[in-house]
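Shown next, in structure tokens, is the structure this report addresses.
To keep things simple, chains are lettered A, B and C as they appear, and every chain counts its residues starting from 1.
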Amino acid sequence: MEALNDFLARRGIYTLVMILFFLGIYGMVLSKNYMKKLMAMNVMQVAVIFFYLCFAQKEGGMIPILVPGDVNPLDYINPLPHALMLTAIVVSMGTTGVALALLMRIKENYGSIEEPDVLRRASK
Amino acid sequence: MIVQDPRPFMAVGAAFFAAILVAFSRKYPNVRETWSSLGAIGMFVLIYSMVGDVMNGTVFESTLFMLTDNIGLTLRTDPAGMIFACLSSLLWIPINFYSIGYMRNNHEAEQTGYFASFAVCLAATCGISLASNLLTFFVFYEILTIFSYPLVLHERNEEALSASRKYLAYTLVSGQLFLAGTVGVYCISGTMDFTAGGFITMDMAPVWVLQLLFILMIMAGSVKAAVMPLHGWLPAAMVAPTPVSALLHAVAVVKTGAFAVLRVIGFVFGPALLSQIGMADILAWIAAATIIISSFIALKQDNLKRRLAFSTIGQLSYIVLGASLLTPLAIKGAYLHLVAHALMKITLFMCAGCIIVRTHLHNISEMNGIGFRMPVTMSCFAIASFGIAGTPFIIGFISKWNLAMGAIQAGKPLFVAVWVASAMLAIAYLMPVVRMAFFRKPPTDDPRQYGSISYLMLIPICFTTLLAIVLGCDPELFPPDFYELATTAANKICAGWGGGW
Amino acid sequence: MSLATHAPVFIVLLPLTASLLCLLFSRVHRKLGSWIVQAALVGSFASAVSTLYAVLEKGSHTIHYWMGNWEPPIGIEFAVDPLNTSILCMITFLSLVISFYGKPFLKDEDWLHYGGYYTLYGLLTVGLCGMVVTGDVFNMYVYLEIMSLSGYGLIALGGKKSMLAAFRYLLVGTIAASFYLIGIGYIYSMTGSLNMADISVRIQPFVHTPLFAFSVACFLIAFGIKMALFPLHGWQPDAYTYAHPGAAGLISGCMSKVPAYAMIRYFFYVFGVNNPVMGGLLDVMGIMGVCGILIGSFMALAQFDFRRMLAYSSVAQLGYIAVGMAIGNMYGFIGAVLHLINHAFMKSCLFLVTGGISYRFGEVNLYRLGGLNKKMTVSTVAVCFAVLSMVGIPPTCGFFSKWYLMLGAYEGKQFIYIAVLVISSLLNAIYYFRIIEQMFIQREASLTEIHKPETMFGLPMEMVVPIGITGIGILALGIYSMNIVTYVLKLGLPEVFLR
């Protein structure tokens, strides 16, 4: 029990994030619907964002907005990963946008976004 | 004395530019063939202008550009290289005129590509003969491979296709093996410059590494020199037009292989080292076996060109055998045989081509009595056949004499027996053709149509035959003095090594 | 501060600005946008060349360009050294040359498509150059995504089937980007820095930890996917085959090379290959490379579509680069970098020719190329050069990269690589000489023309010139390879080899 608590305290959140990440990949590989693949892709990207936010955390830190008078860095959590993830979120939104546009064209062309249907029609 | 002189590259460049000009004058056959002839003459004049100085010990050297930081694309004239360069540039002139006659009389297609590839092949051969280091050698070796491929493919039919594939497979494999060997040699020795007597020493690497590298590099040469069992491409490549067979498969490509063997043995490993690592004996036995086996196979061939091809395989192994005996006389004989065989075999092939153009006959069994209709051609054929067999007063005798003396010098008189046997066999497979031509009555109702005589084809045949006889009577007659060049080259290779008696 | 000191940033900035403005100007005049992008590419190429001169003047020093004059590791920097400037020159040159090539395909398009194509094209160049020039790990991620997103767009423009290829590539490419982010995350949590030069110092205490091993594995997967290294190449054949023919040259030539460059940058310059984790990783890469070379070649043998064959051949050729890295000594490294540059030219050339064939005949079946030597002379000659280079015949450039790889393999006593290189040359010969045979031998031209020849070379001048230039480039790179190696690459060797 002690060991489990210790594990959860130190690694628990990372384990969850990794599970989320691989769930995303699992979904991308195994789902048969392109829309679902796209959603799984977003899950995966969210996992990466969580991962960054997790290691930015620090015990006793608060959100990185400067409180007048308090310049001790230990009082704030690391702002850099947050800034990085803002960029990553923008990128992931862009990717999703492109993917949706492509999906619409696929739907126009093949009349379906189910993988077996599309593949069957594409191979003709 | 080393002189920086651009002439070696100018000689290569003459042939190369001739090829480019030929390619651009597709629409004007006369202009095109003029370029080709000018290229041939230009190349010969440039090479010939260096011969005298080379024999006096001058070395002309020039570097076009650097291939790596310390290896350049460098050509250098040494006696061994000059033999081959003189030979190929000299023989290009008759074969060029012969080609013009053959292609026109036979109404071949794609003549532009043919003449252009032909000229590039000669440029590459010249580059190979004068290359001063292994990498330059390899560059031209591969260029030769690539540009002789369209020549084999010339007919553009199924047979030519499979022959060209076979040809490419053999030669590219050999090229890659040569490259692997070259890399190894460079890594253990740090240099690539050909040095008479070899630049590799025993302390550079373990013996098995040296043996492995030797096998790799010799295999590369042996493929092109068609040493059995690596000869498969040569008979197949006989589908090419006859001038191609004559020049490339009796002079340029196969001689390049033999020349590569000589270079590797004499200028990379050196006789002294080879006698220690003991690979030369194996090569000698393989070559001896090739001589005998190929002669027997030649006996059974009915197609004239195929018979000549197997004869070529045997004769080339003379050179390989001579090189692997590692004695001064044997190596000298090998260099001389390079020249002798080229002169005789080119004559034989040109005669075969003449027969094809005039009568469209390929098989020996159909040739009864054609000597009465084509007396000059068949006389030349007979003379060259005697030369192949080693009759005195024809050039083949001199080289064989030296080779045989070399075998005795090496203390291996058994190989003399190989040469004698092979001479007998040569009589056996070439004389029936002459007998068919002259001592059989032509069929009374001769259905064969004889084309008109083309002097463009006849004169080159007479020229090479005459040259074979003249050089056979007096090998030191005039420069290019092949005999003296060969002696110098062999002595340089064996200098400081007490091979022989 | 003269203009020349800002050259590194102009390489990226000029095409970025131009492609953002491109659509606006295209609205005014259909072709105006494309001219602006092309002008920016000229500027970009000029900046790359001037940067190269500046770097070589200083010897082996790295020029650091600080964005907004913020000092690293706080600020973002562009770090240029001989290695990446030479690759920058290659990318900008190819991009400039190929930018002309797309025009005949767009002849009948409206302003939106015309401008849109060039916007994406410019952004692709931005992404490629940015990834190479940057000295900041996260900045590289951003450029990676710019490159990928514009790449998806250009692939999707290629026609009906290309949507699917682009969508799949998008999914796989996003996985790669996510792995890259995770890798960065671990590196950042170990070192607290995002600057490459800074990381290379701070990472040293951690190089034996499992965390480090995990992060380099993430990098390997990420860039392995992007450069289509063997088991991760699944997206690539479709994407290359159906990409817009105007941009396929750039996509196939550069898009897989830049991740390879990133891998070289990380493994050799940032992490250093002289620790056991990297040693093991390089062995894995060697195995991947060898498998890629062999299986890629065999798959290429089985193809009927010219472009698809080339795509599989790319898998094999990228295996060469991986093998060069895996050899792990100076010559192997030089071989890898040289092959990176050489192969970009060869593959671009071949894809440009296939684009030309599809422009004129509407299909690129390998077995219906008959009589091409008469109809498209320049293209045929260029293909011959490229084929000889692929097989490794001197003096074309492909020989020299192979030469250095062999030299490296021999020095490292890794004879298996020599055997693989020899075998793969022969496999290359088999499937590339098939093309030459088809072009020259098939007499009856079974192809129906959809575009009549407009010039004596059989294609519009905008297409002939790029094909000719890349073809000549193959030869020139071979002849000047000594200069490239001695005066450029050897000055930029990673520290590992200098000790």
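Following the convention adopted for this analysis, a contact is a pair of C-beta atoms (placed from the backbone, for glycine too) under 8 Å apart; a residue touches a chain by one contact, two chains touch by 3 or more.
Keep in mind it's a predicted model, so treat the numbers as computed, not measured.
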item	value
Overall pattern in which the protein chains touch one another (line/ring/star/complete/other)	line
Distance-to-centre winner among chains (Cα means, whole assembly as reference)	C
Between chain C and chain A, distance of the C-alpha-averaged centres to the nearest whole Å	29
Chain B and chain C, separation of their C-alpha mean positions in angstrom	44
Centroid distance [mean C-alpha coordinates] between chain B and chain A, Å	70
In the complex with chain C, residue positions of chain B that touch it	65-69, 73, 135, 138-139, 142-143, 145-146, 150, 153, 156, 161, 164-165, 168-169, 172-173, 175-177, 179-180, 183-184, 186-187
Contacting residues of chain C [partner chain B, same complex]	388, 391-395, 399-400, 402-403, 406-407, 410-411, 418, 422, 425-426, 429, 433, 437, 440-441, 443, 479-483, 485-486, 490
Residue ranges of chain A touching chain C (in the complex, touch as defined)	21, 25, 28, 34, 37-38, 41, 44-45, 47-48, 51-52, 55, 80-81, 84, 87-88, 91-92, 94-95, 98-99, 102-103, 105-106, 109-110, 118, 122
Interfacial residue positions of chain C with respect to chain A in the complex	138, 141-142, 145, 148-149, 152-153, 156, 160-161, 163-164, 166-167, 170-171, 174-175, 177-178, 181-182, 185, 188-189, 194
